[in-house]
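Below are two complexes that have chain A in common, paired first with chain B and then with chain C.
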Partner chain A sequence: MSSWRDLVVGTENCLWCDGLYDGMLSWTWAVGLWKEEKLCPQCYEKLEPITEIACEECGRPASSIWMPRTEKEVAGKEAGPGKKCFDCIRWAKGKPWDECSFQHRALYVYNPFMQELLSRFKYRGDVELATIFQWQLKKLARKLGTFEIVTTIPLKDKRHWERGFNQGDALSKQFSTTPLLQFKQSHSERKQSKRSREERIRDLKGVFQLKEEVIPLIKGKEVLIIDDIYTTGATLRSAAETLYCHGAKRVCTVTVARSTGELKVSTDK
Partner chain B sequence: MLKRIYCYSLLSISGLLFAFIGTSIWSWSFTVLGFLPLIISIKNRKDCLSLLFGFFILGVFYLYGQWSIDQSKSSYYGDELGFIGKVITEPMITTTGNWSYEIKEKSGEKLQAFSRTDLGPPLFGETCYFEGELQTPSPTRNPYGFEYDIYLKQKGIHWILNTKNLQCSTYLEPKKWSIDTTLRKLRIAGIDGVMDIDTNNEASSIIVALVFGERQFLTDERITSYRQLGVLHLLAVSGLHVGLVIFAINYILSRFGLTNRMTSIILILFLPLYIVIAGGAPSVIRASLMSMTFLIVSTVRWKLKGIDVISLICIALLLYDPFLIFHLGFQLSFLTSFALIVSSKLFLVKNPFRLLMKVTFVAQLISLPLTLYHFYEISLLTLPVNLVLIPFISLWILPLSFLTVILHYTIPPLTVLPYHFISFSLKVVHYMMDSIVSWNWDMVVFGKPSNWMTIILFITIILYFIVLESNKRINSMLIGALLTFLLFFQLLTPYFRTYATITVLDVGQGDAIVVELPRRKGVYLIDTGGVIRWGEVEDANSSGPGKRVIEPFLKGNGVSKIDKLILTHGHQDHIGEVCVIVEAFKVETAYYPLSNDIPEEARSKLECILEKGIPLVRMKEGDNWMVGGQRFVVIHPQGHEMEENERSIVIYARIEGITFLFTGDIEVESEKRIVRDYATLDVNILKVSHHGSRSSSSESFLNLTNPNVAVISAGRNNIFGHPHSEVIERLHSKGIIIYRTDQNGAVQMKIKEKKLKINTLQ
Partner chain C sequence: MLFYPIPLQVIDDLVDKTKEKEKLCNHSLLPYVLPLEKDERVWLIPELPPHERLNLEADKLQSYNEILQLLSKITNLPSPQNILEITQQNLKPYFPEHSYAAFLINGDIKTYLEGRRLLGDELPISTLEIHEHVSYGFIRYELGMRKQRSSYECKRCGNTKVHLFGTFDCYRCKGKCVYCRSCIMMGRVTACSPLLTWKSEIIPQEMTKFPFGKKGELAWDGTLSYFQQKASNKLCNAIDQFIEGTNTHSFFLVWAVCGSGKTEMLFRGIELGLQHGLRVLIATPRTDVVLELEPRFKQAFPKTKIHAFYGGAEDRFAQGELIISTTHQLLRFYKSFDLVIIDEVDAFPYTADKKLRYAVSEARRDRGFTVFVSATPDEKMKRDTKTGQILCAKVARRYHRHPLPVPKLRWVGQWKKLIEKNRLPRELLKWIDGHMREKRQVFLFVPTVQVMQEVEKVLQKEITPVKVAAVHSADNERREKVMAFRKGDIRLLVTTTILERGVTVKGVQVGVLGAEDRIFTESALVQIAGRVGRSPEEPTGDVIFFHFGKTEEMIKAVKHIKNMNVLGEKELNEEKEGLEDVWHHEKEGE
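After this line comes the complex of A and B, so read on.
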């Protein structure tokens, strides 16, 4: 009886903290304009949306351009505001990025909250958390243009068995995805998150290959890849490279989180 | 699919509207309002199902509406004389002193029955044999008048039964005890009991209205003052009352140590009884059903949202009685509750006063278009008056009223105590309300907004709520400005009208003519009509043409100020409603003919004018004025006429190039005088003198004026036999087109640059 207001207004449980919060009831919702939220306002505030980007290519958030101290001045000169960050310049020195375009966008900064959220989602199997981002990803992808094919990064069979689901597939529920990629047989078994940048780039060079049956589909197509996080970009660039090799016209990627570097440094210690 | 149940209730309303009133703008608006959120929120294929379901609901309710119309189709021819039927509403005394109630005949057809008081009323729920004649309800005879035929049709009633004789005892069904009849008896006993405490005290009628939802004991003036100040909702048993009842019972029961669950169960069982006790109006049913649903939901720990509950209850009520969509109480109750639920985001304030302010603001704003559509005016003081009266009524008068009634049932001697508290405080508050109402400056008369305007206002207000939620200052100011603009547009439309309108209203036997000049350069009322009464004088305000015809007509047209109130002479059927008119409108100047003496019956009326501080000018031949190119010349009286009719003011007017002669009640003598004094007096439109009496409209006068059109204002079946056949004959022989208010209803003439268009209501 005490909570008449809750009864009338209708409350929702936050997907993260399970706390009650006022539902989406509002005039905005009533006319059909409301985007569904799954988190309570308090938890929602802990997410750091990327509103401004510093790099047109990898979508690095303007709020924190983390770079090795020694290279910073170079980056400042060559990148220019809103152009290309040091990272992407580095990538562009090698093949195929000297001639192929690459565009990445992410929803949120990979801050401690996001780190917790993603680990609960991925490693502890709270798949429902993916629903927070499904729509937002769709919206984000729309900003990059239209795509004929949408795909995700595959998981190693063993890892898939451990986890029970593919995080990319869970996040891309609002797209109709086509599985394109698979691992080459020789690939190492170590988790991506346990390695350094150089290791990753080296290891991932040519780690993906296209499934036989989809090879003819790719030529001249615009492809979107969906994943949970962009750290160094090694995985996504490697996947994109594979697609470019088979004649894709344009490859773009979107992820939920975008690492800015600070966090990585602090957690590495 | 079931995320937006409110869309389905909108679509069910739309379906019913398509069935009842066809493809009007209202039907389409509800279709759009219902489908739009469904369409906008489509995100995947599954959501399309909801659209499909929406179409299904629309179709089902369309068919249901058609079926209901078929069901309510009349099986009578009008010449039946005897009926056996059950009384299905509480009999009430009408202003004309008859019992009024609805009966349901054996075939299922409903009739509106009237019977004389000396027959005694039948009891509610009784089956009786009725003897009497059927009569079709008459359509409205004046613009913005009460559409009685439509009102009844929307209740599924096609005939009025004027009962001459009724027998109930022989048709009594075997006595069956039912909780329903017991409760009703208890209710009536309670009403009588409270009224018996002090019949003449307004406190009694207010208590009856608040506790039993029965307003018939309130005077029309009291209801009007509550309505004008926008607090009439307080007298309707609604959410506030039900909430208070629940709170009180819950409090008492928990004091007795009952568990929450037990209390809820008791309340769930009690609320249906409360619906009956409180009179069963749609607002009571809505509020009680919602509370019951919430109680059930909270005891079984379901999750159901308020907006879904109200939507489902709306659909359920419409299934129970589809004609409810035309019920103003139903419309207002659901509209405001829906708005309040959806606006919950705006109510996140701790301060109870600010909360009350916001709630009142939202409720008043969302009901504004509907209020204007039905009542044409609104008080600027609505918000502050609500802020004072809501706590006063709901926290003070209402609990005391309940206490009075409970004490009356249990310990009658103690009833006096709370009663006197109510009586005293109500007197103070009503005194203040009355003085506010009599100031009149706060009333803004918008006129009746068109259907389009009403819908645009609704949309703008919803937009306003949306931007208020988003907390964007600039946007909300923008929409607020748009809303203000729309309201001003509505207010100022008459000032841009380029044509003049002259309306001869049908006030029964009597005259009332409204002259509206182009661009609102002037609004003149020539005579006020009036009821001729024989024997004792009854309450003159209640049912006269002033309240019933002139006020709605003027207010519907957005008139709040009468520039010239011209009283042609001192007879009751011409000036009878003066007091009502000066009370309801600002009158710039009043005119009365120059004469040797003023008849007794006119004196009290003229006093009303002087009391209001309105200058009273005596008019005589030769007076004239000109406004915006329209010319008015008074050609009669000279001031020494002896007979009252002959003293009538006669005005010759040239409006937009068309000439009029408003003749009052002059008779042959004055006509002769005019013929003698005026060599030429060519008139296009003649208001035939003295309701078409034989003693007026002489041959020579008609020859002088030579009108194209004659308008006769006379009452239907009047006892004087006006208009006289000789006069009609005379007019016909001259090829004059005749319009008669007794046959045509109100006659409305629109004139623009010498072009004339005449409309009648029937």
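After this line comes the complex of A and C, so read on.
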């Protein structure tokens, strides 16, 4: 919420540090093209946009340092356009990724600042922070193509109550979303952020199912899934798999942040 | 979170009509007693969160549903609403007087909530168990947020700024919900979330009469200077009157110059309070100060249960007799303290003050005594001391009896333009250079972080052999840099804020570049000047305001310091006369 006075004066409060800065008031505002900047220039600088990617599939940023362990991984590291990183090669060995396509893109690298920002957003519940990314996510999705259906990852009832909101829903305010997915019963209750890669992948295999009423909608459609962070890709791939099982033509995912393995994903406080 | 607002009349009817009267009267969802006058008041029944409903024991869930069914038979059950909406309809929630006779309380909840005001999320207790305590009058649901004309007011932190509220689609109240962004780091206060308070503390009790006696004993054996002693005596007097209940004032200001030894002046007053069983709070805006005060107080009061609250402290819900807390942690307390001491001496930036005042006013009991300790009280407080609304003890001289160094003003022209060209005013460079040659250390204050970074760059180029560093409040290496400056490894420190309380570096010199900036108010400047000459070995030093046009604030700051020095001189003479008197008396006695 910003007051009309701020618009007239042209100074705004940064959504992160609450410092005053000169808002960019120009003629675009009058024509309606103007989009509100939410962060002050100093805070914007701390974000690390992903400009070059090393893997066409999961959108791993080119800047990410990761240690190859086997020869195959080395091959993966030399990924160029159209190439895959080792993680994605591993994924492609199993179903359904040997046949189905998967594409993921993220806005920013998951650096310490992003970690702080997402933890305030998600765990403290500062939902307003989502407005920083809403338009940017829309732009990013446009680069991947057009989608007939946009959806988000659901939350368990208890967690949803604790947080009071769904982070994906908050981030996708600029899309018109349709809730498609829900949890199958009897799924383990632990949080994603406290598990290792193998645990996550094992646990998440087939945890989602489609809601009854949307099953006929999916066939032959291009679907976009929006979430806050891509860590191992287990959650997003599991959700995409469910959609492919019901005949989706293409599933892409976008997130705000992309973990590069250099920073431990934070645990809930 | 949503509540069914049930008019009390309806509950009354229900109890009358049903055959199982006994069962309903003792039902934990309903109040154990109804008032005679029911007027507009309503009883709040919480809607159960879906996951709690799932995990609830079958009989409890059944009895919950039963009550709602019975109620809906008598009247149209109102749809569940959030607590803000309910109060906006002029419906007053009803809370009975507490009764120990009918109900056994959960001791854990009491430890958590006594003297506090918390969000439901902060208690690891189920909605139903909390509500049970509401039914028997031990807990109250209070508004977390109030609607104002064009904004909201967060009841926890007092925030009313429009841009510090956010809206979102709330899963708990199934609608658009407003939340406070100002105190979000303490858990989210939303329009639909009630704050929980412990009932027995809401009505201020008679001052706890049983004295702690020896428990609050002071073990400090240092001596106070003449000035400190005078202030200390005055404070003790006022607290004594407060305990007796004959006090005419409930506010006291200790107006003491930087470096006069404020903490020691407070010891006797606090001892007096503790020995009479007062709950004592020392509040300050900064974590550093809490960390510094905790060991000093623990040493001074070895027999007292002292607990310090700051971001990252271990036990957030511990109870103690003497509490030291930062502004933020204070937000969890509610009508809990009799004697509150606000240490805002080195608070900087000053916007922190307003928040602290709000937090303190909420944490203090209705009949409480507040002591402000400040080197630079604001205009209003100064006025109030003049009109006698606030008692005041002035300490105008430092512990080492030397006068405060008076700031000098120096015009340096358009320094901003020079910085753009990667240069600095010659006057400033000359001054720094001079001190560097004499191996002194220099603090240079600048208005903003950007200026700080640029000045650092220029200085590193201009005076190469000397180690220069820049530091601001959000700097990650802040502690290390300040340590290095203390040790003398860094000779010149450029900074935006006063970093640490009592960064007492022997013989430090202070400059302010751009002293005409808005953020350098009178009090800020007085504080900055107060960094100089703190140690008895080197009680003097330079304080220079480099400016591009004098401001009112700069002149006021100089006047303030000069006045204090004059007053100090007077008191020094008094002391001398006093001593002579004593001497005369002794002579006569012989």
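Simple rule for what comes next: the second predicted complex is superposed on the first by the 228 of 269 C-alpha atoms of A that agree within 3 Å, B and C clash if a C-alpha of one lies under 4 Å from a C-alpha of the other, contacts with A are read in each partner's own complex, and residues count from 1 in each chain.
One rule holds for everything that comes next: contacts are C-beta pairs under 8 Å (C-beta built on N, C-alpha and C of every residue); 3 or more make two chains touch, one makes a residue touch a chain.
As the structure is a computational prediction, the values presented were derived from the model and not from experiment.
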First, second, both or neither for A:Ser101, with chain B first and chain C second: neither
Which superposed partner A:Asp126 touches (first chain B, second chain C, both, neither): second
Partner chain in contact with A:Trp135 - chain B first, chain C second, else both or neither: first
Which superposed partner A:Gln174 touches (first chain B, second chain C, both, neither): first
First (chain B), second (chain C), both or neither touched by A:Gly164: second
Contacts of A:Ser196 with chain B and chain C, given as first, second, both or neither: neither
Contact residues common to both interfaces of chain A (with chain B and with chain C): 1
Sites on chain A touched by chain B in the complex: 1, 4-5, 7-10, 22-23, 25-34, 135, 174
Residue numbers on chain A that touch chain C, as the complex places them: 1-3, 6, 13, 17-18, 42, 120, 124-128, 156-158, 160-166, 169-170
Touching residues on chain C, where the partner in the complex is chain A: 49-51, 54, 121, 162-172, 177, 179, 181, 184-185, 187-188, 190, 449, 474
Chain A partner contacts - residues on chain B that touch it in the complex: 4, 6, 36-41, 43-44, 250, 260, 263-264, 294, 297-298, 303-308, 341-345, 348, 462, 465-466, 469-470
